[in-house]
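One chain, subunit A, links the two complexes that follow: it is found with subunit B in the first and with subunit C in the second.
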Partner chain A sequence: MNGNVVERKKQSIFSLKNVTIVILLLHFSIFMIYPIIMAFVGSFHHWNPLSNVFEFTGIENYIQILNSKLFWTSMSNTLIFSLVVIFFRVSIGLVIALALYSKLSRFKTTFRTIFYMPTITPLVAVSFVWVWLYNPQFGLINEVFNLDINWLRDSRTALPAVMVMTTWKDFGYATIIYLGGLMSLPKDAFEAAEIDGANSWTAFKYLTWPLLTPITMLVAVTSLITYLQSFIQILVMTEGGPGTSTYTISYLIYEDAFINYNFGSASAMSVVLFVCISGLTLISFKLTQKKAGV
Partner chain B sequence: MKQVKVILFNLILLAFSILTVVPFVWMLVSSFKPNSEIVKIGGSFLPDTFTIQNYINVQERFDFLRMFGNSLFVAVVVTGTVIYTSAIVGFALAKYTFKGREFIFGMILGTMMIPWAVTIIPRYDMIVNFGWLDSYIALILPSIFSGFGIFLLRQNIMTIPDDVIEAARMDGATEWYIFHRVILPMSRNAISSIAIFQFLWVWEDFLWPYLIINTQSKQLIAVGLKLFSGQYGTDYGGLFAATAISIIPVIIVYVTFQKRFIAGISGAAVKG
Partner chain C sequence: MFKKLWISMLVLLSVLVACSGGGASNNLTKDETPDKGMEVFGEAVMFNPNKLVNDGEPITIELWTWGAEDVFQKQIDAYKEIYPNVDIKTVVNPWDEMWTKLPLALQGDDGPALFNIHNSQHDNLINFLAPYDIPLADLQADFSGVDAHIIDGDIHYFDIGIMTGSIFYNKVLWEEAGLTEEDIPHTWEEFALVAKQLTKKDDTGSIIQAGYNFNGDYQAMVLGLPYQQEDLLFSENGQNINYDSEARLAFTEYLHELYYEHEVGSPNFGDDSSQSFGNGQSAMVYKWGWFQGELNNNYPDIEWGVFQTPFITEEIPFAIDRYNGESTFGINKNAPSAEQEVAQDFVRFVLAGDDFSVDYALLNSTFPTKYAVANHAEILSNPVLSVLSENIDRYMWPGPFPAIIETVSGQVFQEIFYNRKDIESVLSQAQEDIENGMSQSKFISAEKNYLHYND
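Right after this comes the complex of A and B.
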C-alpha cells in the first residue's frame, strides 16, 4: 500500500528499518519462536527440570493425558465455563450497550465509566473480593439474600460461582465494543425503517443485530481465546476444587508444570490446548465469512 | 408519560450500575472495619468503628508499599519500552516495503493466538538456564515487544499521509528524525491507549512474577496479595486493605483517563 516513501536515499546497514526489523526478529526468535518449538519438542519427552531429565518418549505423554480422567474433566469444565460466560458476556454487554445508546438514557458517560470499571481492575484482586463475597460466614451474598450456601466449597455451585464473577468482570468490555459498533451504524437505514413503521424490536431484529454481526464475532472470538485459558480466578477462588469440579485445562497445566514439574506432559497438554484454540478460532472466522456472504 | 419512561429506564440502569460497583464499595468499606466486626453475623454494611489499623498492619507485616513500588517500576519500564518498540516496528511495517513484510506482520498477529501455557514452560526453563531467576530483567526483557501494540500502531501510522513524510525528507530530515519528530507525535492517541492497557497487564500479571521472583522484598503486588492471603488467611481486615491498595490506584488512573481509554479501544475494534 504505502510504499517506498522513505527509502529513496542511499541506505546504510544501520538504517531505521534494518535495525528495527533485526532486533524484532531476534527478540521474536528467542522469546516466541524458540519457546513454541521447545514446547512442541518437549511434549515428546519425559522432561523434569528438577531431576534434570530430558528423555525422548515418543507420544507417551499424549497417550497418558488422553487416558487421564482429570484431563477430560478439565477440558469439559473449560468448555462449559467458556460457552456460558461468552453467552452472558455477549448478551448482557449488548443489552447494556443498547440501553446506553438509546435516546432514553441519561448520564451516559457516568454509566459507561461504571460498567467498564471491573474490566480494568486486576483479576487477582477482584477474585479475592469475590471469595469474600461468597464467604458463607460473613459474605455479602448470603447476607443480602439470607442464604446459607457455601458457594465455593459445594461442587454444584463452585463453577457457576466463578462464572458469575467472570461475567461481572468482563461484560463491560463487550458493552464498550458494542457501543463503538452502534455508533458506526448507518443512520439513514434506521430512519428509513422508522418511516416504514418498523417498531424497535423489528428494527433490532432485521437491522441492528445483523449489522452488528462482525462486532459480535469479534467479542465472541476474543472471549473464546481468553476463556479457554482461564486460570487466575480458579487459582485464587477454588484451586480446582471441590474435588475436580472447577479444574480448567490451564489450571491443570499450571499444576502439572509448576507443582509437579512434569514439563513434558504439561507441554503436551498446552499443545492440545493450542490446537483447540486455533481450530475453534478458524471455525469461527469461517462462519463469519459465510454469514457476511464473503 | 415520556418523563416517567425516562426515569424508569434510568432507574434500571442505576440498579445495574450499583450491582457493578457494590463489590468495590463493600471491599473498601470493610477494609476500615476491625476484624471482629467483619466476621460478625448480621453486621452492618458500614463500619460501626472506623479504623485504619488494617492498613497499618498490612504495611508493617508485609511492606505492601514496597511491592506497590516494585510493580510501579516494572510496569513503567515495560510500558515505556513497549510504546517505543510498538511505534518503531509499526512505522517500519507501515511505511517501508521490504521482502517478508507481510509475513512478519502475519506472524505477529498469529502469536497473539498462542496460549500463555505453551510458551511459559520453555521460557521459564530458559530463564533458569540464563541464571536470571529472581531478577527484574527476566520480568522486563521478554515483554518489550507487544503484538497488540505493534498491530495498533501499524494501523494508526498507515493513516498518516505519505506527503507528510515526503515533506520532512525534502527538508533533509533523517529517518530517525522523522520517526521521533513526526511519527511519534502524530500517534499520540494510539500510544495513550496502549500505555493504559500495557500498564494494566503488567500490574495484574500474576504467574510470571510468581515463578520468577523468590525474594519477598522484590515481589510484585499481584503476587504479594496471594502470598499475604496464604500467610494471614484469617486476617480478613488486612486482606481487604491489601486488596484495596492493589485496586484503588488502577481505578483512579482509569477514571482520570477514561475518555481516551474508551475511545482507544472502541476505535480499534471498529477499524479492525
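Right after this comes the complex of A and C.
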C-alpha cells in the first residue's frame, strides 16, 4: 500500500508536465536571467571575456557612453527608425486588412498569403535582396524609375531606404493581426449603424477604429520592442554608414562588444536600452488600459 | 509512456557517444625506433628526427585553424610519417567563430594544443600562449619577422609571411588604352595620369570604366601609405594615435582629387572595388596579397597584372606601406604537458623545413620571412611576391592595433566621399573617436622595430 503511494509520488514528481516546466525554467534562467544579470554587473566593469579581463570601473562605462556623440546619434536613429516604421506598418497593415475584409475583394486567401510571405522570410535574405535592388549601377529600383541614386551610400536616403525595406517585410504581420481583429468585431453594431444611415467612413471612424484600439496597441507595442532592437538590416545593408548616419543602438552594441571587445561599455548600453524599452512598453500598456477603461 | 521516453533518450545518448569517437588515439602504433636513420635538417633552427616523441606512446593533439588546411595537412602527414604514434587532427572553424570559440576553449584545460593565430587577435590570445622552445637567436637567424614579437625575451608566435598592398591592373583595358609595360607609374603623379587614360565615360559624362577604384580600400591605404612621408601612425611612446596628421590629410586630398578633379572613378561607381575589378569595370585597384586568390578563384577570366605601389618621388621612401603578418602557430600553455611537447616538436619541424614557408606564401600571397626561401624560384615567379621582393625591407608593421582604428577609417572614407564632409574636420573627429575607443587599450606600437626606423 505504502509502496504504491511512494511510487505514485515519484511518478507525479517526474511527470512530463513537471519535467517540461523545469526544463523551461532552466532554459529561461540560463539564457535569459543569467545573461541579463551578467550584463548589468558587467556594465560596471572593464570586461573582455575572451582575454579574461574583468576589472571594476564603477560608473565609468555609463559616463563614457552618455558623453559619446555616436551613442546619441544611434539612439536618435533608433527612435526615428522605430516610429516611422511602426507608423507605416500599422497604416499599411490596416488599409490592406480592410481591403481584404471588404465584401468586394476576391482571392482573399491568395492575397493574404502573398502579403504574409515577406514576414516569414528570413530578414538576412530579404536584406541582401534589397541591397541588390538598391544597387546604384544595376539595381532594379534605379532602372525602373530611371534614377541615379546611391540609396544606401547617401546619408539622406540610407535610413529611409532601410525603413522602406523593413516596412515592406513586416506589414504583413499587421495585416493578419488586423484581419483577425476585424473578423471578431460585433456584426450587430455595424448592422445597427447601417440602419441608422452611417456610411463606410462614419462606420470606420466611430466603430471599427475604436474597436480595433487593442489590436493597434498590440501591433504598436510588439513593433516598438522589435524595432528598438533593429540590427540585422543595418548590419547587412549599411553597416551603420555612410559614416555613422544609420547606426542604431543595437548595431553600436554589437560593434562595441564583438568587434572592439568592449563588453563593459556594450553592457552599459544594453542596460540603457533595456530601461528604455521597459519604460516605453510600460507607458504603452498604461495608455491601453486607460483607453480600455481598466 | 514516460519510461519509454527515458529509454529512447538513453539509447540516443549511447549512439551519440559511440559515434563521437572521443579523443582516443585510433590507428596509432607504438613507436619503438628512436633512430630513424634520417638527417638533421634546418639552418639555425634545426630538427633532429632521430628520437621518440611522447616516449613512442600513441598521442593525438588538435590543431585549430580557419583555413589553409591543405598546407597544414601536408606538414602533418610528413611529421606522421616520421612518428607513427602521433596524430594531429585539423579542426577548421569559420573565421568569425574561430575568434570567439578559441579564446574560450583556451581558458579551460581541454583547448587545442596547437592553433593558427591571426595577429589581430593578439590581445585575446597572448595570455594562453606557451613560449617557443627554440632559442631566440636561432629564430632571428632564420626569419626576419621575429623581432616585433619578442615579449620578455620569448617568442610565442611570429610572422611567417608578410602581406601588404600593390596595384592590380587589368591587362586588356591597359592595352586598349594604348599603354605598355613602360607606362607603369612609379610616382603618384604618374599614377593619376595613367588612371585618367584608363577612364571611360559615356556621352552624358557618366563613368562607364573607372581608371582607378578605391571604394572599400581607403582604410587599408590610409593606415599605411602616409608612411611614405615619414608619418608614423602612433606617437613616439607608441601609445597615442597620430591619425589627424599632415601626411594623412595630404594623401586623402590626393585621393579626393582623383575622384573629383581628375574624375578617374567615383564613390558611386562600383561600391565594391574587388567586384568592379573582377567584372572588368575598373582598370586599377589597390589590394593586398589576398586579392590574387580572389581573382584566381572568382574571376579566372580577368587578365591581370600587378605593380608596386607608387611613391611620392622616384626615390624609395622611408617606408612604402604598412604590412600585416601571417603568423606561425600558437601553443596552448594550458594543454597537458605531453601534448605541449608534441606541439613544440611539430612547430620546430615546420620551421626548420622550407616547404611550409613556401607553400604558405604561395597560398596567401604573403612574402616569406624565412631568408632561405626569399629567392626561391616559385616565390619569384609569383606575380605579387616578385613585385614585393624588390623592396621587401621597406614595409612597416605598426603592431596588432585595436580594431577601432580600421572601423573609424572606414567611416572617414564614407564621411568624406559619400557625405561630402570637410576632410580636415573628419580627420580631426576620427582622431578623437579613436582616442576615446582606445582609452582602455594597453596597445603599444611596434613601429620602433622597423628596420629603417632611425634612417
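Quick notes
As a working rule, the second predicted complex is superposed on the first by the 269 of 294 C-alpha atoms of A that agree within 3 Å, B and C clash if a C-alpha of one lies under 4 Å from a C-alpha of the other, contacts with A are read in each partner's own complex, and residues count from 1 in each chain.
One rule holds in what follows: a residue touches a chain if its C-beta (ideal position, glycine included) is under 8 Å from a C-beta of that chain, and two chains touch if they have at least 3 such contacts.
Every value quoted in this text rests on a predicted model; they were computed, and no experiment measured them.
When the two complexes are overlaid on their common chain A, residue A:L24 makes contact with subunit B while staying clear of subunit C.
After overlaying the two complexes on the shared chain, residue contacts for A:P242 are found with subunit C alone; subunit B is out of touch. Looking at the shared chain after the overlay, A:Y116 reaches subunit B, while subunit C stays out of its contact range.
Within the superposed three-chain model, A:Q64 lies in touch with subunit C and out of touch with subunit B [touch as defined at top].
In the superposed model, A:P49 makes contact with both subunit B and subunit C.
Within the superposed three-chain model, A:N150 lies in touch with subunit C and out of touch with subunit B [touch as defined at top].
Touch criterion not met for A:L83: it reaches neither subunit B nor subunit C. Once the two complexes are overlaid on the shared chain, A:R106 sits against subunit B while remaining clear of subunit C.
Taking subunit A as the reference chain, the count of touched residues is higher for B when subunit B and subunit C are set side by side.
Of the two partner chains placed around the shared chain by superposition, subunit B is the only one that A:W130 touches, whereas subunit C remains out of contact.
Residues 15-16, 49, 137, 258 of subunit A lie at the contact with subunit B in one complex and at the contact with subunit C in the other.
Within the complex formed with subunit B, the subunit A residues making contact are 1-9, 15-17, 20-21, 24-25, 27-28, 30-32, 34-36, 38-39, 42, 49, 96, 99-100, 102, 104-107, 109, 111-118, 120-126, 128-130, 132-133, 137-138, 140, 143, 168, 172-173, 176-177, 179-181, 183-184, 215, 218, 225, 228-229, 231-232, 235-236, 249-250, 253-254, 257-258, 263, 266-267, 269-271, 273-274, 277-278, 281.
Residues 11, 14-16, 46, 48-52, 64, 68, 70, 135-137, 148, 150, 153-155, 239-245, 255, 258-262 of subunit A are the ones touching subunit C in the complex. Contact residues on subunit B toward subunit A in their complex (touch as defined above): 5-6, 9-10, 12-13, 16-17, 20-24, 26-27, 30, 38-43, 85, 88-89, 91-92, 94-98, 104, 107, 111, 113-126, 128, 141-142, 144-145, 158, 162, 165-166, 169, 175-176, 178-179, 200, 203-204, 206-207, 211, 222, 225-226, 229, 236, 239-240, 243, 246-247, 250-251, 254-255, 258-259, 261-262, 265-267, 269-270, 272.
Contact residues on subunit C toward subunit A in their complex (touch as defined above): 2, 5, 99-100, 103-104, 107, 123-127, 206, 267-271, 402-404, 407, 410-411, 414-415, 418-419, 421, 433, 436-437, 439-440.
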